[in-house]
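Report on the structure given below.
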Amino acid sequence: MLELLRRNWGISALTALGAGLLALVPLFGSNYVLSLFIVLYANVALATAWAFFSGATRYISLATAAFFGVGIYTLAILHVYVSIPLAVVGAAIVGFLVALVVGLSTLRLRGVYFVVFTFGLTELVHQVLNWWEIKINKTVSRYIFTDVSNVNIYETLLAVTLITIVGSWYVSQIRLGFALRAIGEDETVARHTGVNTTRVKILCFALSASVMALVGAVLALRYPYIDASIAFNNTWSFQVLIAALLGGAGRAWGPAMGAVPLVLLSEYLAGSFPHHFSIALGLCFVVIVYFLPGGITRLIERFLHSLKAARAGMGGHG
Amino acid sequence: MSGPGDILLSIRGLQKAFGGLVAVRDLSFDIPQGKILGLIGPNGSGKTTVLNLVTAEFAPDRGTILFKDRDIVGAKSFEVCRMRIARTFQLVRVLPHMTTRENVMLGRMFGSAPTVPAHAAKEADALLDRVGLKPRAGMFASQLTYIDQKRLELARALAAHPELLLLDEWLAGLNPTELKIGIDLVRQIGREGITIVMIEHVMEAIRALCHRVVVMNAGERIAEGTPDSVLSDPQVIQAYLGGSDAAA
Amino acid sequence: MDRRTFVKGSAAVVGAATLPRTPAQAQAAPDKIRFGYAITQSGPLGPGADSTTVSNYKLWNKLVNDAGGIMLKKFGKKVPIEMVAYDDQGKPDELLKLTERLIQQDKVDMVLSPYATHMNLAQAPIINKYEYPVIMTTATTNKTYELGPRWPYAFWNIAQPREASQPLSKAIADLKKQGKIKGRVAAIYPSVEYGVENNEAFLEAAKKDGLEVVFNKSYAFGASDLQPLIREVMATNPDAFLAFSYPPDTFMLTEQAQILGFNPQFMYVAIGGVFPQYKDKFGNKVNGILVYGPSDPKAPGMDEYAKAHRDLFKQEYEPGGVNVYAALQLTQQAIETVGEIDRKKIRDVIANTTFKTLWGEIKYVKQLNANPWAVGQWQNGELTVIYPADKAGAKPLLFPKPAWS
Amino acid sequence: MILFEVFLGGLLLGGMYGLIALGLNLQYGVARILNLSYGEFFMGGAFTAFFTIMLWKLNPLLSLFVSLPIAFVINWLIYQYLMIPLVRRAADQDALDADVVLVTFGLFFVFQGLALVNWSGDLRGYSFLSSPVHLVGATVAFNRLFAFLAACALAFALFLVLRYTRFGTALRAMTIDPVAASLVGIDVRKFSALAFAAGGALAAASGMLVSTFISFSSTIGVEYTLKALIVVILAGVGRVTGTLAAGLVLGVVESVGGYLVDPQLTIAINFGLFMLVLLLRPTGLFTRA
């Protein structure tokens, strides 16, 4: 880790500086600004966690909402019995464990089968949980009353987001990350090259799920009321996927490049054209695919590349 | 520990069927340590299935695969690799969006002696140098020419530090100059003490490299011996001519 | 959306709530009163929000401004209103963020209610923090009675589960007492908050009233076929059938009951039963069906309301949305009583006044509408209001429901 | 006796599942495009039928004369001008799927948005053939029976076309191996465009038929896309004739299971069955192993 830091000191310093500045936002930002950042962080963290597994392995998961919802429910149930930080950590652990079980059974499916399976999983968990709540608790509603301030939620989510991005980058630099990418490239080759593909996939799927559950739990601190349809709202799954693909799922910072403009765009459209939001969003996707293949990341990299090439060219002549 | 001359891999009564089709039937043969064994036969005779059974891509229906006197049937593919058995693929398989260097690093990092990326990168460069790919280390594997992708596959397999190397038509599709370089490379690897099983249609290479040859047809072993004796066996010639696809 | 710049006049009014009072003459009248709302425009809840809530916000906006605006007697002039609207996409996080945007960035004078119970509940803590009175027009939960004191700025306008279910239970009990039915009740409900809580409240009331609940099951919200369930209900031979249903199931089970010839003498469907489309689809077969959340089409002012609605949207108004319009009317009355935008005072006026609205008299007790219209019935092809029976305008129950023709 | 009626109801429901999935299997199985805006054409078909009966007071079946050609043409255009560039540049099916999912998801938003703006989000429903039919002691709704029969007829017609026409043979060849098909002289692009367009027209037809007994709104599309996708996966991608059978299995299990276990679990049973099949037989129920 230290070795990696030393080799990438420039970007590390920049990240630390940026994180420090963002941590100061609550000092002068209004509550609205905090809320906007909270939504931003949640989207960035979810998209990064999604891309960490699905981007690298190309197992396109639509189960984001399932793990997000597991986090919300774990918090809703636990916060009555234990302290809030413990409940939040508990949510991450439960998300991790649920994903382990799911991963064991599903990760041999590939392609669209995996996609549809994960979608079905979200619905199934939603339905079964709903059934359980009605049969056992005679209600579907749960109330979460906490006195956690917006600032605390802000700082927690900022930390979660940073850890997710840095963690995702760190993993990409170690053996585990190579293994993940190799699985996405050609799983058979990876297997025959000594990669314990099953273990790598399940471990990373569960890590990614635990972040999703964590984000769900932190966001839930702001909801006084939840039920299964809120917790397992599958628009999260789609939104996160779109953000990651828009940004470019191949780099640790790629999903953030997609999530940030999407959130800001929706923030702009929500006010200016509330009725035409979906049309504009739809056209955006189409434009992205035809004019921005590979996502924003590739665009930036290409730009940096040409910059470097230009500089090298000048150096050569000089 | 096995020394030169000991049996490294011993296959006994190996059988595998897909649906009604028996791909490998009651197959047995041995490979001594340090030797190069050719596995030949017409297309569809079950050669690649044998490699897939050894590397646990499929589980055999019957039979044993003894590697250094230990039955490896039931081990997973990655475990087989970690026992120091590495392979290439019939249709060349590189990891297209990873660089040439990264492809080789992967073999080093997860093979029999796992190591950290920084160390693996150094060794990868040495291996790339050896197969003549050093200048292309930073290119994406998908950008390489066919022959370079073949070289890359070999480097990746070698990176796993194998004792047994399984080559699946590694020399196929090369032009005469490339073929000569390729044969030299395999010979050199063999001289370093790595045992090799090569499936090959290029008879020139079989003659030049192999100590022994096993001939398969319709899943069965129909002949075994030195290259010269086997290739003049009428049964073998019949099998090749009768097959849908003549030898190259 | 209209994004004309917001001049300092109304900022002064906003400030008036918190700053030390300066002489009234020193303040200029605001040139606009800004109302803001964040509501679901996309996603599964979008349609309901549109027809029940947003349409009334727009209609009211137009009618108030056509009449010159809201009278602020402190300044002695009418001030037109302006709406700032956002789409919350049906997500609580978006709603929270956008509500703060309305209050902090747009500095709106008043906030209007979002759509659906969970969204109203999500917003309640914020509007209380900033002390914006909001009349929640689409929120109903058994928790109301506990939540009321927690959120003094939140008002609950529609019939809560108990208010909605008790009259039904009582009506069946009365019919039983009169010997008209045996009091065998079957109740079904979808697996959503509204269905579950109304069912629970009904079971509680039924127990007290000594009814025999012979069948009680939930079904999956979004199910494509309710015939097996209705068959099961029929097998228990109930004389009263209640469905605490959502719009798509309300339509489906009405049709399937007809196909199976299920003819309970007392039949109740919940949300969607008041929709004009319900009547359009089933014609006079709707007669005798009891429905949730009606309004009185004969109430004073309703003709003008219906016409204005038709003129603006080219379609019939949704009776379930009249309570939304009523909430806007009483908000206007409260503002006019106070005479300026002083939200604390406005809140107190709302809390303590009896208002006359399109939806009948509204008076909040502990912020809860004391006597909202809970149950209606289709009679002669028209929606009528039945319960609470003691409320002005209530019609007698039509019993038994005519058999499907 | 109730159980028999429940079973029969499940069959009819299954017919509906099969019906809504037929077109998607043409689009995904034959043209290899996973069209997430599929349900919007279903929704369009339903709305056309609704306006035909409620505004113009005509038989809603007549709406097919409008909705089918429109859906056909729009889908053909989508394939021709939006999908072909993607097919051309895609390195493999995975890469194509990723692009296609984004674009058709975008189209889904655009179509749904247009519908919302023009037709509002109100819930719609009308009565057509809503009379009881008595079959061996059980009662079913005529409109559901009608949709079921239409589903059977369409599936059978598709079967005949695939089996006995040159066009059908070409489509089957493409389903099995598009590369080989193009090598034997089949114009894969042209036939894919036609199959894709036909799939869209089938979506509109199923929307019309289902709207006779299920109420709908502008936002209904995505729900039916996903339902159809589940049936397609269950049947096996490209197994056009297996689609109806898979739908029937799903419908019967859902109805009978819901009746025997708990009506609240119908959707859970539906997804549970689907996931179980996926785990045990990932290529679908009606494919050869």
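Quick notes on this one:
Which chain is which? They are A, B, C and D, in the order written, and residues in each are numbered from 1.
Simple rule for what comes next: contacts are C-beta pairs under 8 Å (C-beta built on N, C-alpha and C of every residue); 3 or more make two chains touch, one makes a residue touch a chain.
Since we're looking at a predicted model, the values are computed, not measured.
Listed by label, the chains touching chain A and chain C alike are D.
Averaging C-alpha coordinates per chain and comparing to chain B, the farthest chain turns out to be C. Once CA atoms are averaged chain by chain and compared with the all-protein CA average, the nearest chain turns out to be A. Contact tally for A-B versus A-D: the pair with more C-beta pairs in contact is A-D. Spacing of chain B relative to chain D, judged by their CA centroids, is 48 angstrom. Look at where the CA atoms of chain A average out and do the same for chain B: the two points lie 41 Å apart.
With centres set at the average Cα position, the gap from chain A to chain D is 32 Å.
Averaged Cα coordinates give chain B a centre that lies 74 Å from the centre of chain C. Across the assembly, chain A contributes 127, 130-131, 134, 275, 277-278 as residues in contact with two or more other chains. The set of chain B residues touching two or more other chains comprises 96. In chain D, 116, 262, 264-265, 267-268 are the positions where the chain touches two or more neighbouring chains simultaneously.
Within the complex, the chain D residues that touch chain A are 34, 82, 85-86, 89, 93-94, 97-99, 101-103, 105-114, 116-117, 226, 229-230, 233, 237, 262, 264-265, 267-268, 271-272, 274-275, 278-279, 282. Partner chain C is touched in their complex by these residues of chain A: 30-32, 34-36, 38-39, 42, 127, 130-131, 134, 138-141, 143, 219, 222-227, 229-230, 233, 235, 266-267, 269-275, 277-278. Interface residues of chain A, counted against chain D in their complex, comprise 58, 60, 105-106, 108-109, 111-113, 116-117, 119-121, 123-124, 127-128, 130-131, 134, 238, 242, 245, 275-286, 288-290, 293. Across the complex, chain B meets chain A through its residues 55, 57, 76-78, 80-82, 86-87, 89, 93-98, 102, 105-107, 109-112, 114, 116-118, 156, 160. The touching residues of chain A, counted against chain B in their complex, run 3, 173-175, 178-179, 181-182, 185-186, 188-197, 250.
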